[in-house]
């Protein structure tokens, strides 16, 4: 019974209430409070993480309180390595997002003063942000599947409102699309959850007790289906990805970061933890089709990204491609690949986050998301251009930047994975390798068309990043580069739990994981 | 012996139901409903004879009461509408759609 | 000759809540008769509220002192068992809340008899102090009394009488709207004609069953079923007709046609009462009939209910999408919810434990759904146009900007309807679905597997339903307010209380369902008296 | 023989007589056609054309009819009660069937009082006044 | 001393006759009624004439005995008019519908106990049912259809109003009448007329249940639409009422018949239910008085006397106003009746149920007091209303007398000598 996680979840929601109850007109105060709270959460997370013992039990900082005895539901929380890093990821991203979207709510103006987004309630925005943080932490920390589901669904609502009332021109369409897709997936998952409860007949939802509870393979397949579809929609996997580009493109930059950086990770996280461990046989049975889907979305995302003229959409599509990698890694059934996938979740969070924010700043200056409207930014705003470049390179996982490690691990792991004996996964790895080249194409093309070349007329008015914006991007870039060269701390935390997972799936744990780290 | 009564009540009921479905004048529709209720009464009494206990007859009393109450309420409603619209046709009552 | 009639015994203590409500209703009539006009309302309001509260208190007393009777009361006419008491409590609370809404000025016409737009209407309105017909209060009390009787009825005759006692006042109340009187009268007429039609079916069904079983008491029927061959045509016809009558009341497809019209036409507080109280009572009655009366016949009725439940959910959610009128939309949503409840009904069979589980689920669902509904309609009463309530959805555009709190509350209710986690609605749905899947796993059940299918249908339906709830939210929050938006009426204390209470319950139960769930559990664990 | 046969016989007689006299009337009487004779009688003034269905009449009559129904129902309940209220004795005077006794009395008292409540309401709302 | 003859028929004795006896009985009853009508009309006219110091019919036959025969023939020979607008079928059917039930209603009236009819022991009563009285009421109600249809089908305002009025009146009084029977049933414990007669062996219910009897007598006039309650065909206001269009011919004759039959039925029921049926009046109930066909005599005497009473009332009372009629029926007869029923029941309960007498008594007291209280209450209310109304009228007069044009139209000054209340002192009606 450690109070850590409950506290961690309580702090932001309390903050949210405070922010919401602030008197009218105290927008600045609201922002400051939010920032403070999120930083506090960050600190707390850091302290907690420091106390995490990689070689200890799988779940640490566990706590479980009776919530709905009649349903056998507990308020059960606890983190293993993967969950921990993801919580850390969200804890890191939130303050950055707060800072980044400092002015989003109070009417974003372009340099020449044309209003992009009208003035909206600041307090609402930031309290929603904090509520969202609570739920992000909760969803990763939940060890009770019912609780997980609750957060999984409830998370949609604040994000829905953030997109819907603070987004761009098409916002309500995007918001509804986002909500309905996820809701539908969620409801299917609900059936699966209930089914799990009923079939397992253990009258509990606690994850550890349910592992291996379902033996009947056909039942496994059904329930697996329920969970997987939900997660596949969440971590947009081709062909159910279509909501992401809209949502990401319409959402304010900050929300987009959380959406792509954290919310979607819930999908892959869920696959890794629930799909694999609860239904090993089904997972094995379905590996092939899923891998195919993954590969398709890797390639598809990349190719479509090349065709995009809208920066945010482009980034969204790159993410689809990257999620393809993560899913591939998860289902490759080799410790290297899985660890890589887990690592990728974090790194992708940083990389895409940085990219979105940079693009967001760019757009905020010009008021248009279209690549064609820019050009030669680096002359007028070198710092911005620099950050943009780094973020982009992280996106195409240049060696030395964090994404590279994870992507590399995923591919190696997949390549060497002997699950399904045949070379099927090998083939998958080879094909997905193509995506690396494509990634180079779309990123560099975007950077080149926006940053270099002749300076477009409106761009001349651009101011370079101000202190706040630098403070937003700097930590991310630092993390990207840092973990690029030294991912070990992350891996040390991740590996044990990933191994645990794989053992539950009865996959021989090779030691490649360690090999992957050394470069 | 009693089957004849049952058949009769069945017929009455069917006639009433048909009337409700195809007639257009609210009052006629309403009378058809009453006809159905009386068919029920007939059935009850017949069965009470057949089964050999008095329940059916007692029920018939209560049905009468309910039928009376329905008459009172129903006519009041229909007459109000009639006064408003100068028509008791169910088809004219068409403000509420979909 | 007929045998000696010995004086019947009546458990006055057990029936006290009923007696109080009906007594108050009768006193209400006397008030109407003898109190001068200007005094009536100030007598009625406390009388009505107190009687409802008193009845609730008596229910509590029975529960707390553990005097839940295990034998039918009043010579086997009523069964005041755990579930009945729970339903009574729910109905009383809901009606209490609805009465708070009814108290508001300007809902009811000053003189229903006057022709709309005529001189005598104006004359009536001029003397009327906005409270309209004060007969409303006795009528509501009678209706509530009927609602209390309905789920507690232990034989079909009692059930029929209760059905009428419940419906007749409602028919009238539907026609008393102060604004849009033509709509209101039309709703009243449609409700009446269809309602009478369906109750005739119920009655004929009763006759048939009586002919088969020789009795109308539910347990008696059950015994007859277990004894005789279950496939007597008489019986089949009877059951079908009974079903029609009951399903009509809960508005299950294909008998749902009346719901949208009536809900739209009726004065909103009455709509709230119907959408909450009537539904609760009717579902309770359905449960009792199917579990107590036809328990030995579930192989025959469950497939039918399966189809009807699926149909109801689909019809409800699909048709709701096309609605442009807020009350009609809520009506269709309540149809869809009736469908979800039918899933629960479907699951009440087999072992007593299973029955308890499903019963618990349904009771819980009814409670939370009722409260949320009342809250939603309470909000609807506040958004006003010059011509009355602003029913058309387009008028709600941008409400989120003009009245954030109100719109937020309404949005929350909608989310609860949609069954988003952390709202009571989700917990209700979850409970029902669990019960359904649970029942599916019972050994030796040929159509157990179908339960899963039904649940999937339910899930898809609620996904569809979510769409139109969300659409309203989009309208309220993501679209710009119209220039001549509707006025937001300054809510009376009563209305505020109603909205606040329902919001609190919706949130509270959403966060900590055990509070209600526990009670429902206790109520359900002592099953229907059989 | 069924109790209702005699009534049937009488009905046949009466019906025969009535129909006969209605049928015979046109033949026994003379025929002197005259337009004025065939008008509806309205004190010699031009008769107002009556719509099919006899035209509309004051709601007052409907109210009376409704009240009649209510009280008729009350009577329906009073008769059986009255018949079986007192114990039934045979000629020798010993009780064949016991009466309903006090309980029934109280019940009926309540019933009648309940109906009287509605009655009072109608009375006060001038439902019983003709003017 | 209870007098129960072996001849006293019970329900069991009915439905035993062979068919021919039944037919004979039916024919006898039919003949009795027809003759009754023929001579009833004559008798009534004669009686009234006497009361009004006239001769009355005295041309056709001895004492004008054949008067109504002549009338009947005349009607038969008159032209059979069909107003242009009438609804033919119903217009023809209405009289028939009126007459048949009127005949049937009489069929449950017992003329005598078991008699020897052509060697067959049979009760001298066409039929008796377990629900005889109910049957009588039902028939009365059915014949109202005749009235309403007559009014409705003949498409003339007078007829329509007459029909409606009579319908309203008859149903109103039917309630009071039905209630007045309840007390009888409480005592007799049955609805079968023969057994009710039997139950009156010791005391006539007219004595035992005076209020019921009085109420019934009032209702009797209402039911039979006789003066003072003959508003359906009140010549003064409605020309002929529902029969306006039945100007002449046998259809009219049928209607007249129907009404007479109602009167007969009313008297017959009065005799049966309240006046001890065929029993001889108490002082002279010797055994021989109840043997053989003697009871018929008693019955007939009572019957004729009742009829005379009806005629007498007609001769002496004026017709009431419609609102008075209704308010008498609704506001007086019904409540009084209900209270009376409860009282009877309470007393009866005390008498017959040995157990918990006290409660019974208490209840009786409660009922009496309650009824009185309510009555007083309503009475005061009425009083107040009357006074208010009066004050209103006076004020109006006052005002008008001050300025004649106040009413909006020119009026002569109201204090002119020929106006009331100024010079002449008003003479209250009924004093002389």
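Per-chain numbering from 1; labels A, B, C, D and E assigned in written order.
To be clear about the criterion, a contact is a pair of C-beta atoms (placed from the backbone, for glycine too) under 8 Å apart; a residue touches a chain by one contact, two chains touch by 3 or more.
Bear in mind that the values here come from a model prediction, so they are computed numbers and not experimental data.
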Measuring from the mean of all protein Cα atoms shown, which chain centre lies nearest? C
List the centre-to-centre spacing of chain A and chain E in whole Å, with centres computed as mean CA coordinates. 94
Rounded to the nearest whole Å, what is the centre-to-centre distance of chain C and chain D, using the mean of the C-alpha atoms as each centre? 40
Roughly how far is chain A from chain C, going centre to centre by Cα mean, in whole Å? 44
What is the distance, in whole Å, between the centres of chain B and chain E, each centre taken as the mean of its C-alpha atoms? 33
Shared-interface residues of chain D (touching two or more other chains) are 72, 84, 101-102, 123
Counting only residues that touch at least 2 other chains, which ones in chain C make the list? 2
Multi-partner residues of chain A (at least 2 other chains): none
Pairs of chains found to touch, sorted by chain label: A-C, B-C, B-D, C-D, D-E
Residue ranges of chain E in contact with chain D within the complex: 4, 14-19, 22-23, 25-27, 29-30, 76-85, 92, 95-96, 99-100, 102-104, 107, 126-129, 134, 151-161, 164, 167-168, 171-172, 174-175, 178-179, 182-183, 185-187, 189-191, 239-240, 244-245, 247, 249-251, 253-254, 322-323, 326-327, 330-331, 334-335, 338, 341-342, 345-346, 348-349, 352-353, 355-356, 359-360, 363, 367, 374, 378
Could you list, by residue number, the parts of chain A that touch chain C in their complex? 67-71, 121, 149-151, 153-154, 156-157, 161, 164-165, 171-172, 175-176, 179-180, 183-184, 187-188, 190-191, 194-195, 197-199
Chain B - residues contacting chain D, complex: 61, 64-65, 68, 71-72, 75-76, 79
In the complex, chain D residues that touch chain B: 59, 62, 66, 69-70, 72-73, 76-77, 80
Seen from chain C, its contact residues with chain D in the complex are 1-2, 4-5, 7-8, 26, 29-30, 32-34
